[in-house]
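Only one structure is covered here, and it is reproduced in the block below.
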Amino acid sequence: MRVLFIGDVMAEPGLRAVSLHLPDIRGEYDLVIANAENSARGKGISKRAYRTLIEAGVDLITLGNHAWDHKDVYELIETAPIIRALNYPPGTPGKGYWVFTHGEERLLVVQVMGRVFMDPLDSPFLALDRLLEEVEAEYVLVEVHAEATSEKYALAHYLDGRVSAVLGTHTHVPTLDAVILPGGTAYQTDVGMTGTYHSVIGGETETFLARFLTGRPQPFRAAKGPARFHATELVFENGKVRAISPYIWEEPWTPSEY
Amino acid sequence: MRVLFIGDVMAEPGLRAVSLHLPDIRGEYDLVIANAENSARGKGISKRAYRTLIEAGVDLITLGNHAWDHKDVYELIETAPIIRALNYPPGTPGKGYWVFTHGEERLLVVQVMGRVFMDPLDSPFLALDRLLEEVEAEYVLVEVHAEATSEKYALAHYLDGRVSAVLGTHTHVPTLDAVILPGGTAYQTDVGMTGTYHSVIGGETETFLARFLTGRPQPFRAAKGPARFHATELVFENGKVRAISPYIWEEPWTPSEY
Amino acid sequence: MRVLFIGDVMAEPGLRAVSLHLPDIRGEYDLVIANAENSARGKGISKRAYRTLIEAGVDLITLGNHAWDHKDVYELIETAPIIRALNYPPGTPGKGYWVFTHGEERLLVVQVMGRVFMDPLDSPFLALDRLLEEVEAEYVLVEVHAEATSEKYALAHYLDGRVSAVLGTHTHVPTLDAVILPGGTAYQTDVGMTGTYHSVIGGETETFLARFLTGRPQPFRAAKGPARFHATELVFENGKVRAISPYIWEEPWTPSEY
Amino acid sequence: MRVLFIGDVMAEPGLRAVSLHLPDIRGEYDLVIANAENSARGKGISKRAYRTLIEAGVDLITLGNHAWDHKDVYELIETAPIIRALNYPPGTPGKGYWVFTHGEERLLVVQVMGRVFMDPLDSPFLALDRLLEEVEAEYVLVEVHAEATSEKYALAHYLDGRVSAVLGTHTHVPTLDAVILPGGTAYQTDVGMTGTYHSVIGGETETFLARFLTGRPQPFRAAKGPARFHATELVFENGKVRAISPYIWEEPWTPSEY
């Protein structure tokens, strides 16, 4: 089973990258997952962003700390193939995991959120312990949406040998540490953002700089610019992960455009 | 001018990686810089760690938020080629930058520390503005020791076209985003740790996991394990940066060892 | 010289408390200062809120981390008796201190912002050192707008004997520790909010609870309810502070109303 | 039933205050509770500190985020009348609540820890919901050990009418807001520290100032100085709280001593 996980799709450049490139490679994968917590101009997911992603070939959408920024999410999350972090408190709309059936095999996809430098939630470690007791699947892909590298590595080692893969998101920067851990679990600290890197993690450089320089609040505006597509490819086989590799595509552009 | 910047050298595995590998490649570089804030068993720099690095061929050592963890630093920083972050308050021991002369050219190396999710310090943006007014050099290499990807990208764009390169450190995870920005400045969000990745960012996995699982303080212990050497190579030429590329070496090991 | 310092005036209940009560006692003071960072429905200061406070008898307005939340501030701060924190970076609109002349004596009023659990700014300690070198006045009143009790106490001891009084704001809860420190400086960790305490620090209880219970963002709404007026009274005499005392007034209300 | 709750007993001055004063007033209370998370020189609880408190008349000890700083706690917490926060994860040593029987009435005492600006733990709100379902008692006293005033007020309103009293600790500064809330629950944001206020929240002023001024780590040392005793008195009657009032005592001292 070949799976492509697309990192935080950010605003118009992110949607454009997915629309332009995913159809060309869709046939190579059995399943495509995309983190879309920033797809609606940087803040949450809208119906329009949802349709764009689905039409381009995405099968499952995950969210993150920006999950609730756009009101459309409350309708989408009840009906569409979308998950939010598992370790929200009981009673949270939507669900924290999704199970795919591919041939005779099942793939469980689950997202948890970190707590270091982030909002307080239930323990991602214990939430996963409980889920892995309850749900059976040949393959398990865990997305850890977190800020601190320590928390991501800790979770990866905690799960090593118990799940197929642990992929990080949220920092909007791809990491160069994709690896198969000693216990057999594939891991990468961050898949990276799909959007424009002519920006401050997808936001307009000028307003971000104004924030850092003045110490005063500034409007958030998503950046425009040439887009990069950052994803991670996973190959599952015989009950294990066989390969993990970053996948990058860049929108053709000429310096004069931007 | 060819420069190698070695990311956070962490504890014994980090020192071992530098000792084993740097001598083999030292001849290819005009200058070798290493971040050694974690070289003394994870906490600061000791005289022993300092000697190990210098003997292996390091020319300049930089520190970080762990700069002051080992008392030896107070003596070392007065005499040895070591810098701490520039944006500490006036009166801080040591200095925040260093100037190398290579042939007829000068390279200014400076470290600043970020403030997001970190301790309060003076503005890294304004501290650099002042330094760049005062010190002249053909090439400027800025190390940004920071947690948040947003602050690192913001600083890179702020300096784009004004300095030769901006390299991030501190997260202990190498990033896959080395680039030459539109204004001509080379940039990478994090060089990555030189140490063992069989760990939680260099710390012992068991004690880190205990911290996350129990919520109670745990002793810090540096991890043992096979080492990786993570550095970034920069080539300066005709007043500009010509190339930036991650450089990785891994200690030979067999699974049975670890 | 008798000075009344009114703590964070929060939304309509805060403005109402000042309008209803300040005129009755205005004659007992030579100078009335009010923190109004939350006077415009909780977020910044508006022209309407400004007029209400001035008409009720306030002489000088201070702000805080919410200074810039309402756009009216940019016009007000250029012309009106309003100060923002001194330790914003150079180039910040407005000024960080104000000097009153009362008879032959001068009172310097200055606000600094803390940095622990707050946004990065310049050092409040060093900013005050510089100001106290530059500006001469018989009496100095320092407002420290800060979250952490440790930072407030540290600043008070740092200034003890060098300024007349240090008053804290920002937590919206009055403290029971008004004191004259060994060096002669009056100090209180927090003056407390002027607004309704049938709330979560002035915000609507329901929405605040929803935030804590769901972990999802909620709209901010200022609370309605019976208002309390929390201020601190300072008496300056012969170059020193003679007395510090909390001053409280509560709007008459009957349980059936709220 | 008359209960005295003594705020964070800090280091030697805190123990001295309790030893000197509590025996004189012990007879007026049916139950005396003390927060002792800082009793062992500021860091946790030792056997010696424990004995001092018990001999002075304390019936129950509570802890906080410093609970685990001194290794003696692991033995004490298994056998002695000591509780730690309820919302630690399952498997944490000790227990999070205690039930007293006084005549025919039961008083449940429970501590929860806040999560804003503190370490991640389980939700204090939901942990209390579960406990209040399980344990029956005529009176319930909740200690909320937390930094943010917003979280403390939110919890108080959440519990208003369901418990007898909510008392805050941790900031080491007593608040002037003791109140009986509309639903009948007594509340105070912080009881305040029992220790010396010639300090930075109990720590030595010089080292704390050095930390703020240099941005470099400093040794922690508890301060010496004249002690204050800060407690809150609660009167329970006919199933309800009848009164809440701060109780303060100050060690006699002359300026020349300190």
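As written, the chains take the letters A, B, C and D, and residue 1 is the first residue of each chain.
Simple rule for what comes next: contacts are C-beta pairs under 8 Å (C-beta built on N, C-alpha and C of every residue); 3 or more make two chains touch, one makes a residue touch a chain.
All values derive from a computational prediction rather than experimental measurement.
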Notebook entry, point to check: What are the chains that chain A and chain D both touch?
Noted result: B, C
Item checked: Copies chain B and chain C touch via same or different residues, half shared test -> same
Next item on the list: Could you put a whole-Å number on the gap between the CA centroids of chain B and chain C?
Entry: 42
Check: Can you give the whole-Å distance between the Cα centres of chain A and chain B?
Finding: 29
Checklist line | Junction residues of chain C, two or more chains touched | finding: 89, 120-121, 123, 126, 213
Margin query: Taking the touch definition from the header, please name the shape of the chain graph: line, ring, star, complete or other.
Written below: complete
Notebook entry, point to check: Along chain B, where are the residues that touch chain C in the complex?
Noted result: 89-90, 115-116, 120-123, 126
Check: Which bits of chain C are touching chain A when the two form their complex?
Finding: 67-69, 88-89, 91-92, 119-121, 213-217
Next item on the list: Enumerate the contact residues on chain A facing chain B in the complex.
Entry: 117, 123, 125-126, 147-151, 153-155, 157-158, 171-177, 179, 182, 189-190, 192, 197-201, 203, 205, 208-209, 212-213, 246, 248, 255, 258
